[in-house]
Structure formats: C-alpha cells, structure tokens
Amino acid sequence: MPSSFIGNALRGTFFLIFGLWWSVKYPLKYLRRKANADDAASYGTQRLEVLEGTVKAFFALAGILAEQFAPPGPHMLLYSPETHSWTDLTPWHYTTMYLFFLLSGVVEVVSHSPLKLPLGLDRLALAIALLIEGLLFCSHDYSEAALDSHLRGLLAIGIFAGALCTLLEVFIRDHFVLELFRTSSFLLQGSWFWQMGFVLSPPWGGPGWDPTDRGNFVFLTMCFCWHYAGALAVMAVNSVASHCCNESCQLKFGDIDVELDCGLCIRKGKGSRGALLPEGGPDDK
Amino acid sequence: MPSSFIGNALRGTFFLIFGLWWSVKYPLKYLRRKANADDAASYGTQRLEVLEGTVKAFFALAGILAEQFAPPGPHMLLYSPETHSWTDLTPWHYTTMYLFFLLSGVVEVVSHSPLKLPLGLDRLALAIALLIEGLLFCSHDYSEAALDSHLRGLLAIGIFAGALCTLLEVFIRDHFVLELFRTSSFLLQGSWFWQMGFVLSPPWGGPGWDPTDRGNFVFLTMCFCWHYAGALAVMAVNSVASHCCNESCQLKFGDIDVELDCGLCIRKGKGSRGALLPEGGPDDK
Amino acid sequence: MPSSFIGNALRGTFFLIFGLWWSVKYPLKYLRRKANADDAASYGTQRLEVLEGTVKAFFALAGILAEQFAPPGPHMLLYSPETHSWTDLTPWHYTTMYLFFLLSGVVEVVSHSPLKLPLGLDRLALAIALLIEGLLFCSHDYSEAALDSHLRGLLAIGIFAGALCTLLEVFIRDHFVLELFRTSSFLLQGSWFWQMGFVLSPPWGGPGWDPTDRGNFVFLTMCFCWHYAGALAVMAVNSVASHCCNESCQLKFGDIDVELDCGLCIRKGKGSRGALLPEGGPDDK
Amino acid sequence: MPSSFIGNALRGTFFLIFGLWWSVKYPLKYLRRKANADDAASYGTQRLEVLEGTVKAFFALAGILAEQFAPPGPHMLLYSPETHSWTDLTPWHYTTMYLFFLLSGVVEVVSHSPLKLPLGLDRLALAIALLIEGLLFCSHDYSEAALDSHLRGLLAIGIFAGALCTLLEVFIRDHFVLELFRTSSFLLQGSWFWQMGFVLSPPWGGPGWDPTDRGNFVFLTMCFCWHYAGALAVMAVNSVASHCCNESCQLKFGDIDVELDCGLCIRKGKGSRGALLPEGGPDDK
C-alpha cells in the first residue's frame, strides 16, 4: 500500500539526512584538524554535536508519533480486546527502533553538555540503536515472503556494518576512515529504504515486484552494491565540495569563525570539556 | 510447571543482583577515579572485588545444590539404572552453568588475594562462564518447541554480547564504557529470565503462551528490546543516584572512608598489588 | 561452456598477478626497512603504489569491457524488452565486482598522489571491493546446483579472510604478517578461480565434474587446502628469491637506486607525504 | 572400528602433549619474567621453541605416515583406477590437517633460527593450521550421520577458539592470559578426540553410542563443558606445581640455569634475536 511506501521513504530520508550531513561535516573537520592541529575538539564542533543530537532525538520522536498515530496506526494499543489478539505489531517494531534512536540523540546531547559524561558513550548509544534496528529487521516476519526477507537481509548487512563501525569508534575516536565508513553505511541504509519502498509498494500503486521471479533477487543483490557505489560517489563529491568551500572560506574570513565560536560557547561547557579530555585516555587504549 | 518458574526467577535474580550492584559500583568508581586520578586501584576496591567473588561463588554453589536436590532434581544421578537411560538432564545443564560461575567467583577471589595472579584472569574466567552458558542455551533442546527456542535465542544474544564485552575487558581493563555495557547485559539477562518464566510457566498456573501464534514471537522480540531499554533506564537512574550520593558523602565525610580503607586493608595484599601493577602492562597492549 | 572457463581463468589471472607481485614486493620492502630503518615510506615505494593502482584500475576496466562486450555479453543491456525479463545477470555480477576493484585502484592512485588524502583509505577501498565480491559470490545462484555452490562457498572463505585482513590494515599499517596473509589470500583466490574453471567447464569440453558424487565435494574441500599450501610454498620461494636478489643487488649497486628514486620523485608529492605522516597518528591507535 | 579409535586417540594425544607441556611452560615463563623483568626473551626459551617446533613437525610427519600407510590406508593413492572413483578420503583429510601442523612446526623452527624472520609468523602458521583443521572438521561428512556431526561441531568450537586466540597472539605477543587460553583449548581438543573415539568406536568393540537417542546429544554437549572444566583444573594444578618447583629450584640452583643457557646458546642466534627485537614494533601496535 502507499502508506507503506511513505513509511519507507520517511525512514530513508531520516538516514539520508544524517549521511549527507556527515559527508560534509567529517571532511571539513578533517581539513580543519589538519590546518590547526592543536585544538582537536573546538567548541564550535561541540555545539554542533549538541544540535545534531537534538535533531536526531526530534526526528525519532516524530517517527514514533507518526508510526503510532498516522491512520492505520495502533494508537498506543498493543492488545486488541475485541479480537483477543495482538494488534498489527509492525508499527510497534518501528516505534521500538525509533525509541533507541531517541535515546541515542538524548545521550549525544547530554554527553556534550557541561555534565561530565565519559567519552565514547554517545557512540555506544548509537551502536546500540543500530544493533537493535538490525535485530528487529532480522527477526521481522511479515506474511509476504521471500522478496521482502531478501530486501531486509541486505538492509541488515548495511545496518550491522554501521553498528560494528560505530562500536569501534567507542575505542578509536576521531578516526577519519571510520567516520567515512559510518557515513557511507547511513547513506546506503537511507537509499535502500527508498528502494524497498519502490519494490514492495510502488507509489504509483500496483502489486510490487514479482516475488517468484529469481531474476529479481539476483538483480536486487547487485542493485544493493550499486547503491553503495552511489553512496561512495556522493561522499566523494561532497568531500571535494567541502574542500573547495573550506579553502575559499579560509581565504575570506580567516579565523573569524573560530573567534565567534569561542565568544558564543558556554564557559562552563568549555571548562568541563577541558576537564574531560585528560581522562579521554581510555578511548585510545 | 511452577517449579520451572521458580528456577527461572532464581537465575534471573542472580543476574539482576550483579547487574544492579555494578550499576552503582562502576559509576561511583568512575567518579572517584576522576576526583583523585592517582590511586586508580584503591584498596577498598580490592576488598570489594574479593567480596564480590565470594558472593558470586556462594550463589553459584547454592544454585548447584538447588538444581540437584530440590524436589524433582536428579540428586547427582546422571544415569538411571532402572530405565537404562539418562535422567532428566535439564538440572545438569544448569549445574554445569553454575559450575563455571563458581569457578569465575573463585578466580576472582584468588586473583585479588595476595597471590600474584596476572591481571585479566578474572575477566577471562567470567567470559568463559558466559560463553559456556551461551553454548548450553544454544544447544539446549527441550521437547516443547519453537517458542522456547525463540526465547532462548534472544537470551543467547544477551549472553554473547556480555561475553564479548568481558573478553575485551581482558585487554582493555577499567574502561568505563565496557563496564557499563557488561552491566546492561547482566540486567538484560536477569530480567529476561523472569520474562521466560512468565511466558513458559506462569506462576499462577496455566499452560504458558500459545506457541502457534506468530504474534507472540514478534511481540517477544520487541519485548526483548524493551527489557534492554528498561535496563538502560535503571542504569541511568542508579548512576544519577550514585552521583548525588557521592557528592553528599564527600561533603560530609571528606576522605575519612579512604583512611578507613587504608587502615583495614591487608598489608600483604597491598604489597602484592603494588608488585602486580607494573606488570599490568599486558592489558594495555 | 569454454567461455565460462575463459572468464574464470581471466579472473584467476587477475588475482594471481597481484598475489605474485606482492609476494616479491613485501619481502623486499621488509628487508629494506630492516636495512635502513629510518626512511619508512621511501619515495620509490610511493611511485610503485601509484603504478600498482593504475594497473589494478586498468585490469578492472578491461574486465568490465570483456564481461559486457565479449560475445555472449549483455552489451550494457539490463532488461530485455522483447522477453520482458532480465537479461542474463551473471556478466552484470562480474561487472559490479570489477567496478569496485576499479574504484579501489582509483583510490590507491589518488591517495598516493600529491592530494592530501588520509592514510588507510586505500586499504578501506580494497577491503570494500573484497567484501562486495564476497557478498556477490555468496548470493549468486546459478541454475546448476550443489557443486557450484560448494566451490563458491570455499572461494568466499578466501575472499572474506582477505577482506578482514585488509580491514585490519586500515588500522595496523605496514605490518609484515598482515601483508603476507593478504598476499596468500590473493594467490589462493587466483588459483581457486582456475580450479573452478576446470571443475565446472573443462577447457577440453565435456560436462564438468559429476555434482551427484559426494566424493567430489570432499575432495574439493581438501583440494582448497592444498591450493593454500601451494600459495604458501610460492610465497616462501619468492621470499627467498627476493632475499637473495636483494643481497646481490645491494652488493653491486649500493644506494644508487635510492638516489634514483629521490631524483625522479615529484617534489610536491614528497612534501605532501611529509605533511601527511604526522597525522598518520590515527592508524596506530 | 578399533582402527578409528586408535586414530582418534593418537590425534588426542598429539594435542594433549602440547597442552600439558604448555601448561607447565607458560606459568614458569611468567614467573621468571616477573622475577627478572629485563631479559624478556631468554636464550633458553629460544632453544626450547626450536625444540618444540621440531617435535611438532616430527609428530605431524609421523601422523601423515600413519594415516597413509597404516593397514586400511590409501598408500598415497587418491583415485583408484579399478573402481573409477575416489579412494576413502578420510585418511587424506587427516593427512592435510597434519601437513599444516608440519608447516607450522617448520615455521617455528625457522623463525627462532639465526634467520631474520619477522616475529608473529610462527603464531600465524599455527593459527592457519588450526583454521584449516576447523574447516576440514566442519565440512567433513561421513556416512554415519547426526551424532558424529554433533561431536565434530563441538570439536570445531574448541578449534576455532584456539585459532582466534592464536591469531590475536600475532599482534599481542607474550600475553599470559592468551597463552593460558590457547593451552586450555589444546587440552580440550586433545581430551575431546579421546571422547570421540570412545563414543564412535569404543576400544572394547561394539557399535558406539545410539545416534537416535536425543539424550546422548544433550549429555555430550554438557560433557564438552566438563572436559573444559577438567582442562582448566589440570592447568591450575600444573601452574601451582610449576610455581612450587620454580621456587625450590631457585633456592637450590640460583641462576645456574641461566648461566648454562647463555653458555650453550648459539652466538649467532643471540645476535639475530637482538637485531630482530627492535623491529618487533609492529606486534605491539
């Protein structure tokens, strides 16, 4: 049904937004770190992380509300008393998935706040959110059979690759290659959700692809690889663009933005961050 | 049967007690380490570890005795001569599981004693106990089919996650994020054992949930995620509580407790610990 | 059919060439590094890497063109309008596989160019190419059944072993044992592609091996191990040969080649490399 | 048949001998290293490694000859021309397994010889031998069905655990906890081979255990855990014994044995080892 297409498209957009944002953010961060190697964790970066966490939590909350209260949703009802059976549990599955992304957003906000939370906790929360998502997609069984399961199996590969990468980031923080890989896994997930929408419930109506044609399975596996190639291409373009943008910005503005950052940043946050960093030791063990 | 419920409840309580205790202990340890960064391994901590190991070994021993000698138990009999077949092997499975936790408790006590055992051995023993538990739950096959196996499959995810985390701790000791993750996996296991008891053999009697309803499977997968969310919530509350408690304690008592610790700790133990630490090198390799 | 044999032979040759080249290159690099421990990344090495990447990209491009335009190829046609079904997707599978090796070649060329790309990106690109190859071989399902799938299952073991090793090299760069293991996995893949060609479509015509004889399966598993033993033997011979060659060269030419390298290398590249190295920090985390 | 029992017993003894030897060697090494922390790689140790490699290679060669030429063996014949089919491939499987242990022994001898082989290669060779063994046991399919496959599945767990541990040792050398774990996995393998012999072909004749009784499967899983507990107990006893022995030796002989070692050791070997160590850098990355 079209409602299922909209659901997949919204989920896809959620991941695409983060993937695209990171594909600009991390190259810029890498370039800045190379330019002035000393102030690794600038205060502007920190405020960005708080903003990112807030946006993530907000999107996740919106997702939960949409899954629960959009027309065919269960309205927070888990067990229907009249039929003496479970209501449709699919929206609950997505609610659970969004719940952990909400949690990840909250942890990210809190761990970059003046509170003295240990480093690595934000990455752990994101990794847990991805692992839970992967678990839900692996165990999910709709009535419609093989093609759906094949699509979700491929999605799970992308999810678990991102989860493993994020788990590694708990220990190896600020490693550019890991950040890039995580970005690519988010772009892949995002575009694959859109693909799933088109395959299972095309927006122009109709029954979706034929699940009895083996050619569809073979093609979709290949298509998954092309999505990944596309994600890499987008990242390459964004990296080059952010590189050019960075160079022209630096010519024009010099260190004005750095000044601005310092002026605006909350003094307390700065202090606590400074106190945190010497204990950052554990994360390079 | 109710006896099966009691068994699951006892196992669940075993893991919950450790999870809850760690959810207070590790945040406190983290806060103290941040306050006075120099004495990483205080002597009070060391006595606590010995106590923890003793309690673990005692619980495991009690578990073995309960499994063997509680009414339908095999009374240490493996092969029944009259029927020429194995006795019911389920209590033996749990006995084996407890045996390795007993071993882990003993290794923990010994490795914090004045004996010069290498660091990391206590974590290895715990990881082995969890791996053996996971192996037993994966291979366990009761007569009752799919629902039981689904529940134990989910449990195994929690067990192996905890085991991997503990294995990592052999190499990366005193990493706060790993300690938190291990704590969360124990809380998850504990509450999931209770859930298994309620699903398979409700304490109010009755036949347990319907294993032919697919909705139950889908719901339980989701429920597993909620248990984990609950475990994280409990940890967050306990962390905040221990933070507040720590602050008020420090205001009132100052370093009295540290003095107390030093006064009471066994001199020999202190010495050997000092001798151990320089060799602690391997764990940051 | 013979065309299938030629395809497997070409793929095998692609991997064998790289395996053989590396089995000479890495021992020589190791010996040189031992001789003069200071200049870890000599400029000659850098130009070699660029050449290697160019050759890899060229081979991959040739492979794509051969798969698409050699006689039974699909000529870039994915969906045949007359039969209203997919064209034969096997050449497309191989095209996808070569596409990622092309990408890996391009990244290798660029990352050793004067551009300031972060270290480890070339290894990541190679690991991604291998992971995609493994994914395609695991999901590939021809009509011919069990024997083909067994052969590809064994191949996938070699592919994933190489991929894991290359992923590790993102973090642990220039580790001789990892480089050797990667080399051996490429030699194994290469010779196994030839074996697959002989088993499935012998060049002298005929129907291939009997897929109903269990003995064939057992023999091929063993044969896979012997291929690996052969790969290790080839590497041992090449290492000894390159050691002897290195010694006699050093006696004759002294450091002439080093001089030559320095004289020819692009100044800009040298400079950028020097600028890159201090940031190489992340890769030894 | 009894011949199968003898084969399993010989394989078991091979692993038990190494497990028992290591359960004495590594605690002693640990105690010595603690006593005099400076000379990490004593020359006596080095000669021991060469001896160990020689014994391993000799045992593996003996195993190959026994598998090939003991009465029902294939006498190096792979394809029987009269029946136009493969000969019994089981002895060939074991021959392949021993071949890689032979290789591992040779690499161990060579890498502790005056030749300048990189560190970690001996561990890689052992890990490869174990991985190949695991692959062969996983893919092995006899005619006798489920019970045999269950036994070999359990064995494979022990093999892969040992292989992973040995792979880690390529990077983290001389880590006492890893060495202990490897030792325990060898003891487990060794005693499990004996168990397999007793279950599948009892030495007192008879048909082996009933493969249709589910109780046997459940019992054997548990029994595997008890074997591991037994392996740990043996290691604990040997560690304590070697500790006592070490203390009494030191009292009596002082550093006489160290003197003896230095006097006997090959000068050239000493020199090359000294030259090797500074390059050992990669292995603690």
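Lettered A, B, C and D in written order, each chain numbered from 1.
Rule of thumb we're sticking to: a residue touches a chain if its C-beta (ideal position, glycine included) is under 8 Å from a C-beta of that chain, and two chains touch if they have at least 3 such contacts.
Keep in mind it's a predicted model, so treat the numbers as computed, not measured.
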Chain centres computed over CA atoms; the one at greatest distance from chain C is chain B
Given over half shared residue numbers means same and under half means different, the chain B/chain D interface is different
One copy, chain C, sits on the other, chain D, after a C-alpha rotation whose size in degrees, in steps of 5, is 90
Taking each chain's mean CA coordinate, chain A and chain C are separated, in whole Å, by 32
Chain B and chain C have mean C-alpha positions lying a whole-number Å distance apart equal to 45
Where chain B touches two or more other chains simultaneously, the residues are none
Contacting chain pairs, sorted by label, are A-B, A-C, B-D, C-D
Per the touch rule above, chain A residues touching chain B in the complex are 78, 85-86, 89, 92-93, 96, 99-100, 103, 116, 118, 120-121, 124, 128, 132, 135-136, 139-141, 170-171, 278-279, 282, 285
Note: in the complex, chain D contacts chain B through residues 30, 34, 37, 157, 172, 174-177, 180-181, 213-219, 221-222, 224-226, 228-229, 232, 284
